[in-house]
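So that you can tell them apart, the chains are marked A, B, C and D in the order they are listed, and the count of residues begins at 1 in each.
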């Protein structure tokens, strides 16, 4: 973990208002694990003030990813002022990045078949996790939900070996409807589930028909101040009181979380 | 060669001498160890802990923070581990550091403040106490202690009586006359004043047509409030003769110099650390460079210099 | 189809009905004609004039303005043409416009306020008066009229007695309890309240080691203060039953909606116009679009909606 | 006068931390006169908040300037946060510009020999004025003072027909010392003087040895809020009370100004 000035290698629009920025910062690229995030300063002035948390999509440190060892990719959807500023970055620009931060996903030792469920940009850490899992020769299925075809990430973002199943809210690509509707048919196949996406999607996981115990980890989102565990701005209610998404998470065991 | 060290409690036996005038602000540096991987905490002038209350507190519901232009609102609700855990688990860690740790304390009755202060003041590892009087006073229909000279003085006096370590009192800016409160608190025994705490603010979520924060209002911090904080430090510096610790929106050496020249003996940095974890150490280094390049031997010579100059240069 | 018009003085015979809730703030739109080459002034809800005093005023020495993070300080010192010139040269121009002009007035004694108000209230072209009580009161050692309920009520009452047009009173935010002042002023006869005026701030010029502004302090305006202004509008809206005009940092339609949902019947825009002269008309258009897209027929239905929602959704 | 989104055609460093940005906005290019300025938003967020006033160097509307009719050049010294943001502009970017603003220089009908005196970026409106004067076939001398050779503007910025005399504080280029020291030898030659630069330089003009009346106009600088004449932030003391640099100026007759 460090604060570093990462240099922009590329910054390309891969879906409607969705960009992948490739950054070079060897220490950060080396250390990052799937599910961890970086905290990015957008623009050089006091407005917008706070950094933006963004998951790491892939790192050169994993030889499976075809990018130089000192580089890593971050994917962002342009939803507000900070991400809009990022979309104007050009190769050669410097970005102030803090990270990697947070607890990564943990693949259980016994896991052979990993089911990943992502909504929107929530699939970012799952792609990273898929790469880690493939390195360990697991079978991986990624179920991904998007608003529509224009917002869907191109299939080449996902490793070839992964079974990649897409659902869109409006049916403009893949299955029509919520991605969670796809899960039941994989429940018997999978021996671990990892998910990331909007809160309603994650909450729906608690209501899946369960015939046996399926260890489930989820990556949560909350607005962040420090991302270092001090401001207590990013907490979520858990069975052991409020936990910090930035430090105790973003990855939590599903059963820990108390849903409101 | 140049001297960066300042004394925050000249009236007190301990003096509370710091090696430099840059402190971590309460609530923005946890219990001091969270940033250890990023910065050398022992290079700071001092660390002020998150507010400690008698009992552990869960804090407010989400959302707790909102970004605003050059600022942020927070409504954490004083989430903290409580006095017992602080004494048992945090203080021993503090005692092992060379950097002094100032315990920020909060309460909802005078009695709560007194009990927390009494215990902490006897706890090794606690170099001083900072009294956060921006808390709702249960006995006055939840009006903050810090909003009147009388209640601010009352809690200061009672805490002073049980507090052997130096006592800083942290003022709320949300008052008509900050000077009146400052005088009352100094008369009641404060060794130093910290100002300012956050300014109450609100953001409305126009999509959902309701206040964005679960707590409705939150405290505004960050660069947005800096001109207000500098003005208050200036006003209070003309009126009291104890050291002032300036806080509010410091993000650079120049910002810290503004507070010092306005009359602060030291600065605290809060939101600035969130934005750039290196801010505090950058300011320590920057002050050193400034003194050297301006040929000033002692940072103490800069404290309040703007008021002395303004007297000669303006007819104000 | 959708209605943007609001009434600012329902208690007054004239009603002070505006075609939309977007006003130019005092001191940021001159006498109303300066921006005529850039925007159609008649499309505004109303124009508030620069403060008018009994005698012309030169104002303060330079520097008068300083930029701050997402804000600015100004210490203009009420430079204005004075009552006579306003009546002779400005009011006839106002009388020829379809947009109502509200005359902002300032004074240093109650008598000065009364004389300015009396004359302007009888002057064609003046639709209403906005009483700026953030002025030093010569009779109270220069303490602002707006800092105590008693002196704010006093000047309001005296002006009310001579003022035939609707009377808005513009509050200073620099107080412990804005609600107390608001109540006092409404009881004294204000038809509406405008809040907030600027917040006193200071910038130190660290190279010259003295305050940057010749006046030492200046008033903070712009987006930086918006969360504070929204919070005060919210507080006052719960407490009084006259219309509130929200002002402080509005730069977009969403910002204006924040004020309206917090309880303001209209907004004023000041610093936002400096940054983008089109801001006010953009907001007029943006409110129209918002109402249409949300299927709301009348902007009045949005006034204070956040408070009504918060009651049901939060336990606060 | 209008608020327009001007597009950046070029943005080049012409001296140390001094840039010329070429903007395209036909209405503004058409209207602008020497001595007028534009008020430029730097960056797209609330910090820095205020626009920055910058004089126009040359406009395509003057056929003497070799640039397309709809374009104009602005020159800026990077001295703070706003101008630093400008220095990152690249061709194709859009900048929010208000203007042209203020009162231009007026060449008197009887003037034949125009003496221009500029300090630092103060020579910008004088170059514009030189172009206007040359169009009317006047003789023009431009005396320019810079801090040092690195900060001096290249001679090709100044029209060839102009006698261009440089002084630097440190003597690293041209005459050593203050530019005002060069003026006396031109006083008999000139029949009008126009100047722009730091206040001490302008004030020094009041102390020149005068054998005859030399009509003198100066362009003043003050920090600006609105630049539209309403905020009264930019005033200077004159013999008729405070006048606004943005609206009544920036060009004033030297004798009007009251120096403190």
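The working rule: a residue touches a chain if its C-beta (ideal position, glycine included) is under 8 Å from a C-beta of that chain, and two chains touch if they have at least 3 such contacts.
This is a predicted model, so every value here is computed, not measured.
More inter-chain C-beta contacts link the pair C-D than the other of C-D and A-C. Measuring from the averaged C-alpha position of subunit B to that of subunit C gives a distance of 33 Å.
Inter-chain spacing, taken between the CA centroids of subunit C and subunit D, is 37 Å.
Rounded to whole angstrom units, the spacing between the C-alpha centres of subunit B and subunit D is 47.
Counting partner chains per residue, subunit C shows two or more touched chains at residues 68-71, 222-224. Those residues of subunit D in touch with two or more other chains are numbered 46-48.
Taken as a graph of touching chains, this assembly is fully connected, with contact between every pair of chains.
On the subunit A side of its complex with subunit D, the touching residues are 43-48, 81, 85, 90. Residues 46-47 of subunit A touch subunit C in their complex.
Partner subunit B is touched in their complex by these residues of subunit C: 68-71, 73, 147-148, 174-177, 199-204, 206, 208-211, 214-217, 220, 222-228, 230-231, 234, 249, 254, 257-258, 261-262, 302, 305-306, 309-310, 313-314, 316. For subunit B in complex with subunit D, the touching residues are 69-70, 223. By the touch criterion stated above, subunit B contacts subunit A in their complex at residues 27-30, 34-35, 37-38, 50, 58-59, 62-72, 74, 76, 79, 222-224, 251, 271, 273-278.
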